[in-house]
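The two complexes that follow have subunit A in common; it is paired with subunit B in the first and with subunit C in the second.
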Partner chain A sequence: MSRIATPSAGGPTAWHDLDPLTRLVVSVGTLVAAVLLTGVVCLLLLTLVAVLLPAALARQLRRVLVTGLLLALPLALSVIIVNVLFSIEGTVVASLGPLEITEEGIALAAEVVARVLTMAGAAVLFYVTTRPSELVASLQHHGVSARLTFVIHNGVAMIPRLAERAHEVTAAQRARGLDTEGNWLRRGRGVVAVAAPTVLSAVRETEMRTLALETRGFTRPGRPTVLRVPHDSSTQRVARWGVALALVLLTLARATGALPC
Partner chain B sequence: MLKLQGVSYRYPGGAHETLHAVTLELAEGTITGLAGAAEAGKSTLCLVAGGLAPRVIGGTIVGDITLDGTDVTSWPMHHLAEHVVTSLQEPAGQLSLIADTVFDEVAFGPANLGLPPEEVVARSDEALHLVGIEDLRERDPERLSGGQQQLVVMAGLLAMRPRHLILDEPVAHLDAAGSRLVLEAITAIATAGTAVLMAEQRSEALATVCDSVAVVAGGNIVARGSPREVLAHPATIAFGIEELPEERLRRRLSKAGLDPDVVAAAT
Partner chain C sequence: MSQAWLRVAGGLAVFALIAVAGMTALAGPDFDDALDTFTLAMVVAIPAGVVAYALIEYLQTRRLDSITRQFDTRTLVLMPVAMALNIVLGTAVASALKIPIYLDSVGTILVAALAGPLAGAATGFLSNVIWTYLAPPPFQSPFAVPFAIVAVAVGLLAGTFARWGWLRPRRGASGQQLAIGSALSVGALVLMTVIALRAWRIADEGRDLAPHADETAFVILGWAAMLLVAGTAIGLVVLLVRWRDLAAAYILLAGVITGVVAAFIAAPIAAGLFGGVTGSGADFVVAAFRQAGADLEQAVLGQSLISDPVDKVITFFVVYLILGAMATRTIARFPQGEYLLPLPDAEDVADRDA
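Up next, the complex of A and B:
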């Protein structure tokens, strides 16, 4: 009976104890700020304050660093290659055959990589410290529509589910003789054989889930009952509005050119 | 009582009707079975009786569907869901995905109805008890076996306290132990006063729990009666319905020149 509209059980750390909406606002705020800010120093400062410190507080620093780096790596590499090797104008610091490496190219690459790392870190921090059900309960408690929360939740929950399904399909296809190792051509064929059933089964499951949700009154107008009330507080409310206000000021400063970095 | 009178249904984009002038009555406290071969129209009849067709999946419907004499064809799905709920074939696909525990999964339906928290908890506890899965209440529903997930789905529907429960092949993906659990739960649900419509390919399952059975073929109800009367009828096999094990034995004994009644008396 402890579930009757009582605060949800506390998390393992102070960061986990925050209302998921607060964690969401911090992550989204960090993503937007990373777009608005320029300069490696400013971006690193943002990463330190909004990603690394909370990650350490949540005892997830290593996981956030590793996953964030892996997530950002493909984009970061392409950014480095394009900006460092194909920068047309600027002070040349080195040559690589016909390609010239410029100071401006290196600076731009460093800034974009810092931005990508900050954004990846913010997303990973939220993902590893927030259970989808927590977020749904929090959003519903704050009056966000059930449909919207379900869409948000499924966006988050779909990633591990698709990965798990792809793993199952791969195992099934291998059992039927599919060669997913060897040269790239074979691997490419393997991807098609795995991707098609994975996507189709996901679509079918989505259709079935739609019917199941309808029969369980999901589309009923009005707010559903929330059994687990998140740990909100006036401090968190002020902090959330503070983040929103900071983003507005940041946007104005960027638009007027008043931003120092 | 949920009543379908002369109901025909055509899927969106379908060239022909899938159901033809079907008449069916679901009385409270009874279990009505739907037997038939694959593609006979059993699942479509479940979707229509449960209100999902055409409300959610589209299509066109003709005929009358009434609940205690009131026409429900214009009711929105969320309103009908307070009286009639439907369970589909694959339990995993029916989980809400926003519940960490079985209790939360079961509470999802009544919570959607906007009931007071105490009522949601009471209904969920009752449904868990009725289906006999109280011991699973803190487990992750996505990590359960197919049979357990089917029971969780049924508990979730029962927590909405519907007067009519539509089940499309509830034991299709289950092993013997899982099937037994689900069939026992269905019997308990009907005993508690719920009207159950159960589409099923396994004749033995229908014979075990149903009060009456209707045979669906080509989108029509071609026969109806008591389970033994319908499922033991020689014409049943012609409709692609699995023969009851005891009937199969009787036929084979007769074919071997033995009198089944004498053999039965001797054993």
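Up next, the complex of A and C:
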């Protein structure tokens, strides 16, 4: 394998300058911490430190906030409706017809909404500051198999293409009288009518793509050349291991009940 | 015992050992605690079982052929398509159709059927990771990655069922075979329903399954959700009789088993992390159970035991239709393709031999 030791061009901010793997570790670490932590205060503190500060550093605060809120909104609304309006146990603070609102329901909904916002923020921060191609190059640089990075990169690229195809199929089926707004039975039939042609055309393409790849030496042994070497450093390596260690300690603290929140 | 069976047995033994030890050591006295521990045990036991399988194969042959064979070029090209299918269909069904199913594992089950259990598990896992970190909005879902272990379990089960020939077309079955197939399908469904009912009753300390609520609308909603299970089963039995394809019985069985396993792993994740909701149409079923008097864990498990088997039966059925629409030579080129093709008739074999 050969590597061209040409570092990629520096990012617009210090956050963008980090190795994409470091940003991924921070994002995954935030997500795991959000799973382990309970209590609104702890979760909001985590959001501030691991999402909002890096987002401000990357000059993406507004975008992270808006996109994160938009992504979290449907789930947050469901959380509030199910846990506040349909909570059955606890101290009743208000009634809406047959529905009773309890203190415990409000507390649970607040905690889950805080967790949902933290997770959405962490994922969006990574997404808006990292191109898939950058991550793939970084993963290859760090020794991940070229076959795996091919799958990841193509999986991401395939989403908009498949969505476009699904829109075309939906429009064509609607023109033939498909009802996607009717009762459950009609919607269920709609799923099959849209999914089947979308899936079949995509699956049929794989045959040609396989032949094209094999003729271009995809199965050749050895590792491909990494053209863009990410900005890694010993500090970042220590930081990545630090995040991993912190998560192990957090897990142990949660398991032993030593965590204050 | 052949070498292949030995490593499968070794992998299963490690999986079972860790799962049972984890459940015994960590499970609390009540059902909710046991359910949480079950998910945690699966998170550790499933990867450990796979690693044990690989280790035994390496010790036997100094190679990992049975694993690497599942990831040939054709599979690697199909996997991104399958992952995109999972994400696009999953997002569309959750956000647009608002029905209490997910349809986010068509790609996982398709790859598992064509390439094998590990390829299916990898597709499921990577789908959920990409869904959270790399999928462009509006397809991004920050809440998919915690459910990656469920997708892994679905991939492993689907690949195993396909390897057993459960997705092989069996058209032109005799009336007797169809009768036995229908009876076994209904029997399997009744068995699964009984298991679900027992789980529910254990969770709810003997209370009846029937939804109780002051509001008639919620009672109707609860019953309607439960009738979905019966409706799907009846639909497949009708297909069994009309198409005379015995595979419908196997699809039903594969879907129900996969759905029940997925429900038990996914329910504690949804309840513990997201207050029992997923942002899909299934949330209405959770709300109905909550209003009916169930606590959060019970409501989510009740919803999962209704939604997941229906979802997986539909998904297996969609995959079966996709496989039926693919050219035989295309299917045969995949690592596990031979198990998806119809068995040759006795007459065909005689003609070929002649």
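FYI, the second predicted complex is superposed on the first by the 193 of 261 C-alpha atoms of A that agree within 3 Å, B and C clash if a C-alpha of one lies under 4 Å from a C-alpha of the other, contacts with A are read in each partner's own complex, and residues count from 1 in each chain.
Assume a contact is a pair of C-beta atoms (placed from the backbone, for glycine too) under 8 Å apart; a residue touches a chain by one contact, two chains touch by 3 or more.
Quantities reported herein were computed from a predicted structural model and do not represent experimental measurements.
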Subunit B versus subunit C as contact partner of A:E205, first or second or both or neither: both
Partner chain in contact with A:A157 - subunit B first, subunit C second, else both or neither: both
Touching partner for A:L108 - first (subunit B), second (subunit C), both, neither: second
Which of subunit B and subunit C A:G90 touches, first, second, both or neither: neither
First (subunit B), second (subunit C), both or neither touched by A:P132: both
Chain touching more of subunit A, residue-wise (subunit B, subunit C): C
First (subunit B), second (subunit C), both or neither touched by A:V226: first
Touched partner set for A:G39, first subunit B, second subunit C, both or neither: neither
Which superposed partner A:F218 touches (first subunit B, second subunit C, both, neither): both
Shared contact residues on subunit A - subunit B and subunit C: 132, 150, 153-154, 157, 161, 204-205, 209-210, 213-214, 218-219
Residues of subunit B defined as touching subunit A within the complex: 47, 50-52, 55-57, 76-79, 81-82, 85-86, 88, 90, 92-100, 103-104, 107-118, 120-121, 153, 156-157, 160
Of all residues in subunit C, those that touch subunit A in their complex: 71, 73-74, 76-81, 83-85, 87-89, 92-93, 95-99, 103, 106, 110, 126-127, 130, 132-137, 139-143, 145-146, 214-215, 273-279, 283, 286-287, 290-291, 293-296, 314, 318, 321-322, 325-326, 330
Touch list for subunit A against partner subunit C, complex: 24, 27, 31, 35, 67-68, 70-72, 74-75, 78-79, 81-83, 85-89, 98-99, 108-109, 112, 115-116, 119-120, 122-124, 126-127, 132, 135, 147, 150-163, 166, 180, 184, 187-188, 190-192, 194-196, 198-200, 202-207, 209-210, 213-214, 218-219
Interfacial residue positions of subunit A with respect to subunit B in the complex: 1, 3-5, 131-133, 136, 146, 149-150, 153-154, 157, 161, 204-205, 208-227
